[in-house]
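Next, two complexes with subunit A in common: one pairs it with subunit B, the other with subunit C.
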Partner chain A sequence: MASPTAIRPSGGKPSPRRGSLYRGAEGMWSWVAHRITGVLTFFFLFAHVLDTALVRVSPESYDKVIETYKNPFVNLLEVGLVGAVLYHAFNGIRIMLIDFWSKGPRYQRQMLWAIVVVWVLVMLPGAYFMLERNIRHIFGGGA
Partner chain B sequence: MTTAKLTSEELSAAANHAIEAPNAPRKRVRKAGQNFEMYSWLFMRLSGIVLVVLVLGHLFIMNILDGGVHRINWGFVAGRWASPFWQMWDLVMLWLAELHGANGLRTVINDYARKDGTRFWLKVLLYASVILTLALGSFVIFTFDGTIEYPTGN
Partner chain C sequence: MTATLNADLAPVQHTGPLPPVPDGAVMVTVNLQRFNPELDDAPHMESYRIPALPTDRILNLLHYIKWYIDGTLAFRRSCAHGICGSDAMRINGRNRLGCKVLVKDLVTAKKTEITIEPIKGLPLEKDLIVDMEPFFDAFRSVKPYLVTHGNEPDREWVQSIEDRERFDDTTKCIMCACCTTSCPVYWSADAYVGPAAIVAAHRFIFDSRDQAAEERLEILSDAEGVWRCRTTFNCTDACPRGIQVTKAIQEVKRALMFRRI
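Coming up: the complex of A and B.
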């Protein structure tokens, strides 16, 4: 079903305000973000099982690879990963409420803004604690 | 076409397609055991609620608690996997996350692959990676020996 254009019974030219790109509201964007964060997390899981499997090879090889996680740039990527997983988890709960709670569909928009607020409130201290050590190291603080 | 020209076979076929009475009992259209997609939908929600606890707990312990990622090394893993509780935590998390993610990617492939061949080979790649990840991960958790000599000291 890969039809690039919508069927227009009138056959006339589309009005300039109605392009071919579907622009959904919050419901569509929350779905897009859910997909992207899910696929990202799946690929990370693959890499993460492989790196953890090195504990079975030797302590040295595991320690060597785990060192890369402590590098400031990779540390920043980890904050991104935590943010992606956290959104996926919160939005997943929202999806379950939409599916199983009788008033869920009515409040889906409000629930999205609620999880965005909770996400920010969790990520602020989370990112701080994750990056604290590298920031202190780079900017030559007490450590 | 008149009724008189219909054979008895055609008449019974017509009778089979007759509109049923509104209060006729419901017939099962789908045979039992053919609702894989419904179970897949349910699995995403059931595994999802368990993964919220397992994965967010894992991320909190590994990245934030007590120095986060900077304290992780082989000795740290050995200490954790000495406990059957954390072994089971990681094993259940591995299986649920991998199957949850694989089912999500299966949906994504179904949505975006335009040719049957592309869809087929992407799924072959996906299922091969799932088998490799589950087998390797379970093998490591079950056969890990944390008592071997740790040269750099712990």
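Coming up: the complex of A and C.
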């Protein structure tokens, strides 16, 4: 006699429940941020190589494309790019220290907070000087 | 090593009287991921509101649910004292042993909810039970036993205190799979041997009496070996024995890179 056992149509194992996120500590989120900033930087480089290569097509079309970049939105993207590259670079140094310095794994958390502090210290004046011109332009300062 | 508390398929409703609620107990809500492979297509969450003492272990809450509310709840536990490593589970999103986390570690006056899910990355069997076989396969693949060639010494294998200290940390492993199933790389690439297997390899690679370090390093320098580690430190955070898992993995990486043990 066959036993009355229901067999799921797919037959395989169930897919994991959605939204069952693992709550990792700083180390995991630094890795997630490293991935995201890395991919973002890659996409920037992709577009950057294309627009720079345009100069070989004709200097005029290059100028035309660069002209479209001169707006506040792209200015914000530029600040984002600097932030992404900076984080990726600093965290890359942290990962190298974790890899090659025997005490690296023990101090990984302190090193992460250190690079976050340095990142903020660099980004504050960096973002100010990058955005200054556009902010004055939009909000109608003296210039 | 692992004992299974498994119940019959038919829902068992508790009919007897509930045990008296002890003084000092608080009501907590346990959100539990349930899955019955013979009835459900996918796992789902169920909530239970039960009394708990601040000094109760999370395992006690599961026992309460199984014994007094729903006998079909399936989970593993054996010693219940953090030694056997059977009851690894995801508690509030992090891999922990159910018998080592207390209610007072999670519950505050404002927050009385506890979420319990099975560990990730291994095939789900039922409720909190996963198929551990892939985990043990990876463990076995690194030759986790002493290998020696030649004649045995007349008395014991002599080892200095310093030599013993070299791998002391990785002898503590209880193979609960908390580390391996906390690893984002392990979730996505099922061939990665995972932190626990590397810990087991580390324990023998750096043992001065062992003579198969080269073989193990060769196994771990494979594409699915230590180089898959992205140093997210989830494993170190998850280990209930406090093993510095990522540090051990990095030591194996450096031993491979510089060919020096």
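Everything that follows uses one rule, which is that the second predicted complex is superposed on the first by the 123 of 143 C-alpha atoms of A that agree within 3 Å, B and C clash if a C-alpha of one lies under 4 Å from a C-alpha of the other, contacts with A are read in each partner's own complex, and residues count from 1 in each chain.
By definition in this document, a contact is a pair of C-beta atoms (placed from the backbone, for glycine too) under 8 Å apart; a residue touches a chain by one contact, two chains touch by 3 or more.
What you see is a predicted model, and the numbers here were worked out from it, not measured in a lab.
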Partner chain(s) touched by A:56 [first = subunit B, second = subunit C, both, neither]: first
Subunit B versus subunit C as contact partner of A:83, first or second or both or neither: neither
First (subunit B), second (subunit C), both or neither touched by A:98: second
Partner chain in contact with A:41 - subunit B first, subunit C second, else both or neither: first
Touching both subunit B and subunit C, residues of subunit A: 95, 99-100
Subunit B to subunit A touching residues, read off their complex: 45, 48-49, 51-52, 55-56, 59, 63-64, 67-70, 72-75, 77-78, 94, 97-98, 101-102, 104-105, 108, 114, 129, 133, 136-137, 139-140, 143-144, 148, 150-152
Touching residues (chain side subunit A, partner subunit C) in the complex: 5-6, 8, 10, 13-17, 20-28, 30-31, 95, 98-100, 102, 104-106, 108-109
Subunit A - residues contacting subunit B, complex: 2, 35, 38-39, 41-42, 45-46, 49-50, 52-53, 55-56, 59-60, 62-63, 66, 69-70, 75, 78, 82, 85-86, 89, 92-93, 95-96, 99-100, 126, 129-130, 133
Complex interface listing, subunit C residues touching subunit A: 33, 35, 37-45, 90, 92-95, 117, 120, 123-124, 182, 184, 230-234, 236-237, 244, 246-247, 250-251, 253-254
